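Two complexes, one shared chain (chain A), two partners (chain B, chain C).
On to the complex of A and B.
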């Protein structure tokens, strides 16, 4: 059968209205009266963070296990949790598509995630447009996310500036570093991460002896290394992944004698586990982050590690940063639901009130909330040491307790005066 | 002044690595006009093979030779099985080699993992430095890389310009039908050039993988840089590749200090400027 123009227009209109009805019916859950609570989980399933989805599921399994539930849901606070997953590739575009799918097509009550910083910025912007849905962040860490004024957005872990919490003071008081050279990649994560370190370091009396903001993907650091002034006490390395590995090996070749201070991703397991001769540069490097190093003494942590290892989706020999942050966030979400007996009525009012005033002892120390719905957390100070078998390990030095978010969203800076 | 010289020397030593990768590409792409997108993959594979051999034998030179020979043999296989039939069809060859590179990259990720790997050299060579007038102590390793590049460059130039085989190659490139009519088996000549080009990429991988880490993604980076070097220097010219590599190396090191935000932009701006002023490249012949 052929449709004439009028018929076609009518068909399109009818189709569109059916579509609108379908999404309208389910959008934004929000009613709160039902016995089923739908949670939409965003995590990376493609790209260089493709393991994010597995880690998110392992974290949810670990949190659901005490309720007899699984990654797909279970019974919590007298309600049936139904957990739906949406995979992204870590980019803004795919996060936008997937968060809309979860809210507008699947009609979830709560969005849980995402993984990467870029995704996080997008999801917060979207959260502002759908006030009837509650958002609990997964592991995205840009500072600005909880400063956007989204009343329905909660983050139960530190931002990337807080990941340096305590390290600046430690560098001055314990290590005796007065002037530090700043080397970091030129994009938003290192701005926040280095900003967190240097704002504290400068406040404690330290100074910046020079700065190099290099493009992501820089492999040859010989020239940068030659820029480090002789009277500098230490070098801050705000690099990650391949760039960090490049720098560390060339620090050995070019004979960098200065001690190093690592950004949160400069001397993580991925950088330390490669087969390259970086030991003499890496050993003694201090760094900070939300993941405790070896030797962290906390029974709740030990329980979590066991729960993670028992989770069917766990792929790593120990929890990654993503599973830890996802676990703390999902457990917070469950505790919030329990506090109100799963009551999502009145536009989630009681539930959000409960989330905003939540206090509990997480595997990584006490978590409480500030007025921006951003967590106040413990942060870990770590030093790279040589293990018994000659491998490089992250040793826990101490915890900075009750680290609070600042109000500065950092940009590129060259000296203490810029902060 | 010291600072200026130091940055210049860093640029030259970096250019050594760029030249080694690009010299192979200038043979395959510049001389034979075969658009290969798998050149970066050959670089990374050579590096990984050199890493395995050097680690097992404890001998860096065996790693370098082994990496070059194995990648060269693989190049022969790819040329004979996949490329030869379509050699005159640019688009097909580009797509075939792109496919080879995508498959190769993922296979290497599966075998060697995603963490940084480096071709091992004896510990005292890695940290040794040489005192250079006006500059002071300078890493020996980087000077050795430059030396290898110079030796390879001179040998290649002599091979192409001074030997009988070299003249056959140049004749074959200029007019393959006429060359074939004089009794030369042009197919064999082209296969040898392809093998040589691939082997050079493999060698470059071992040398580069000694100085910088080998990681997934480096293949794309080196393909891009060697394309820039070959285009700037002029396709098919070994001297051109050397000049191109030096320019790209210097621009990237100086810009890293004086305009770090724009260092990538400036590298490609160099290519734009050269193409605008001299479309055939600095040493390229006008077509």
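On to the complex of A and C.
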């Protein structure tokens, strides 16, 4: 019995110590500020975007390197940056839990992130309730995020409609497409992404010959392919990952002779590296997005790629969309801090003023801000081509400069009149 | 065999549960004064623990008193949350009306699910309720006209009743605490009523109950509907706490969260679920402070509980008692185990307590 009691007491003591350690009962909170600025970073560390955290850290390392700092912080603008990480699984529930913990338990001054669109919309809703904290978006791209009126929320990259910026005009004027069939997955990202393309395409004189919104995970496209009208000039493919690969493969076997226009995630490496016989369908596909294709000539981009590859957390042979967007956003945050010498007094007033009027030459072109604290950026037009070794590469065609955000949050649409 | 015929508790065994329950309520009442950062602890740990516990309690009620393990309780809570969301965000109606609509919608959803699923048992009941839950998840993710698809419905603002402003976190915490206690009392009352005793009869010997003239299916449907009402209450607290409702509320992950809560707390204990909910809430908030592999840590805790305390945290007391009794008593005349004490998660899934 004595042994049992002792064991129990020891277990309780050990449990309590772990709990105290884990819950950070010594954390003071960042309100007092002083010379330490706490930044809470949100990124996906579980689920199908689990590599988001590694890419976020690599981006932060690349941005902190010139200051002699690391992923955990350093000295910037005379202040000590302390960077705390919170991993999510890409769902709104975990984003809500982690952002609340960063703000209310860890007492961060600035929240940086998140990765996915669903998380982004949740974080903006939360930002509205904590006006004393400044939020800098990571890579979440729903259009509506900067239209919610959160004065403390900043996004230093384009939204998913802007990722199609320039492509609609290019399709009409350069490719001569008048009529395009719309095939896209049925959720918010493709709504905005396709909406960005078709609003510009329709304004330039194009028309929609038909529309199919399919559930995510659709693998059989035979019935949809048979619905594509014969007089259609091209097919817009707003699919991603395995769905896009399935469609491209079936487009080959079903003899789809129409040229393709890809949504921003339709012709990523998953789709292009999946199956060799999709080449005839994929080659010539035009798409748009925030990541430049091969042949992009910008010295700042080259410097960034070197910095990324030197970062200890970098896992890919070239920067992914997440590391690019996180880098541009974190560098913007650092430039904002430098502009005000790290002064976060008066409810971050000067800091937010600096962020809202920031202009700098990023690796992906000039970034400036509009009145909704949303960046005005360059967007890249890309064409899938066959490389020298026979592999498929994304070739940079041109950049649409100074792409601004519209005010429409897109929904499902069937024709140009719906836009 | 059920606790109907269990031997009367004597001495310590009689007052210990009351003392323990009193202590838990005392700590819960004093919670706002015990923590250093109430703004974080009250909503993120306290309120979340209570709504997770309420939803898990509806699952445990069904399992313990009817022998049915339902994975649709989160769906029911989600229907209720969506009811509130649609009324408050789409139709801009006041909270009281929205809450009523949410309660009716959730309870009705539970009734309809029961109509389909109540004729099956054990693993088949579990699979059907899981399938219905997934159908609702897919629908919620696509039905943009009703649920606003992936974007969900936001913001669901907490009401100010004048005499009680739920935007004040301490008031909100006590409001939710009272609801949690009322749900617990209601479940206990239902279990000890004639209705509850009949349910236990249905659980233990449906054929005999049928022979006595009871409509077994009707009782199962009634019990599932009652549990749906409890889950709907949890759904309303959930939507107030999260200030939004989106398909993640009814995803497979959320369903598993509630199942994990029930198993860690004890699938046979109505009160134990709150301990399970507290553990999961603490893990989801703080496991990352200990390791980058926080999901693995959560999984490990789950496995450890399954291995060493199959009846959950609520069953630890009984386990320790059994251990002491075994040490004191020579092996050959060890006391026979009461079959009703077998409330393990494994038993619930494979047998569903049915004959």
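The definition used in the following text is that the second predicted complex is superposed on the first by the 384 of 419 C-alpha atoms of A that agree within 3 Å, B and C clash if a C-alpha of one lies under 4 Å from a C-alpha of the other, contacts with A are read in each partner's own complex, and residues count from 1 in each chain.
The rule is simple: a residue touches a chain if its C-beta (ideal position, glycine included) is under 8 Å from a C-beta of that chain, and two chains touch if they have at least 3 such contacts.
Keep in mind that this is a model prediction, so the values were computed, not measured.
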| item | value |
| --- | --- |
| First (chain B), second (chain C), both or neither touched by A:302 | neither |
| Which of chain B and chain C A:215 touches, first, second, both or neither | both |
| Partner chain in contact with A:203 - chain B first, chain C second, else both or neither | neither |
| Partner chain in contact with A:186 - chain B first, chain C second, else both or neither | both |
| Dominant toucher of chain A (residue count), chain B or chain C | C |
| Which superposed partner A:242 touches (first chain B, second chain C, both, neither) | first |
| Contacts of A:349 with chain B and chain C, given as first, second, both or neither | neither |
| First, second, both or neither for A:254, with chain B first and chain C second | first |
| Chain B versus chain C as contact partner of A:101, first or second or both or neither | second |
| Interface residues of chain A shared between complexes with chain B and chain C | 186, 215 |
| Parts of chain A lying in touch with chain B, wherever the complex brings them together | 186, 212-215, 217-220, 222-224, 226-227, 241-242, 245-246, 249-250, 252-255, 270-271, 273-277 |
| Of chain B, residues touching chain A in the complex | 3, 6-7, 10-11, 13-14, 51, 55, 114-118, 120, 123, 126-127, 129, 137, 139, 141-142, 211-213, 215, 217-218, 221, 252-253, 256-257, 260-261, 263-264 |
| Contacting residues of chain A [partner chain C, same complex] | 1, 4, 18-19, 21-25, 29, 45-46, 85-87, 89, 91-94, 96-97, 100-101, 104-105, 117-118, 121-122, 125, 128-129, 142, 144, 186-188, 215, 411-412 |
| In the complex with chain A, residue positions of chain C that touch it | 36-37, 39-40, 43-44, 138, 141-142, 144, 149-152, 154-155, 242-244, 246, 248-249, 251, 253-254, 282, 284-290, 292, 294-295, 324 |
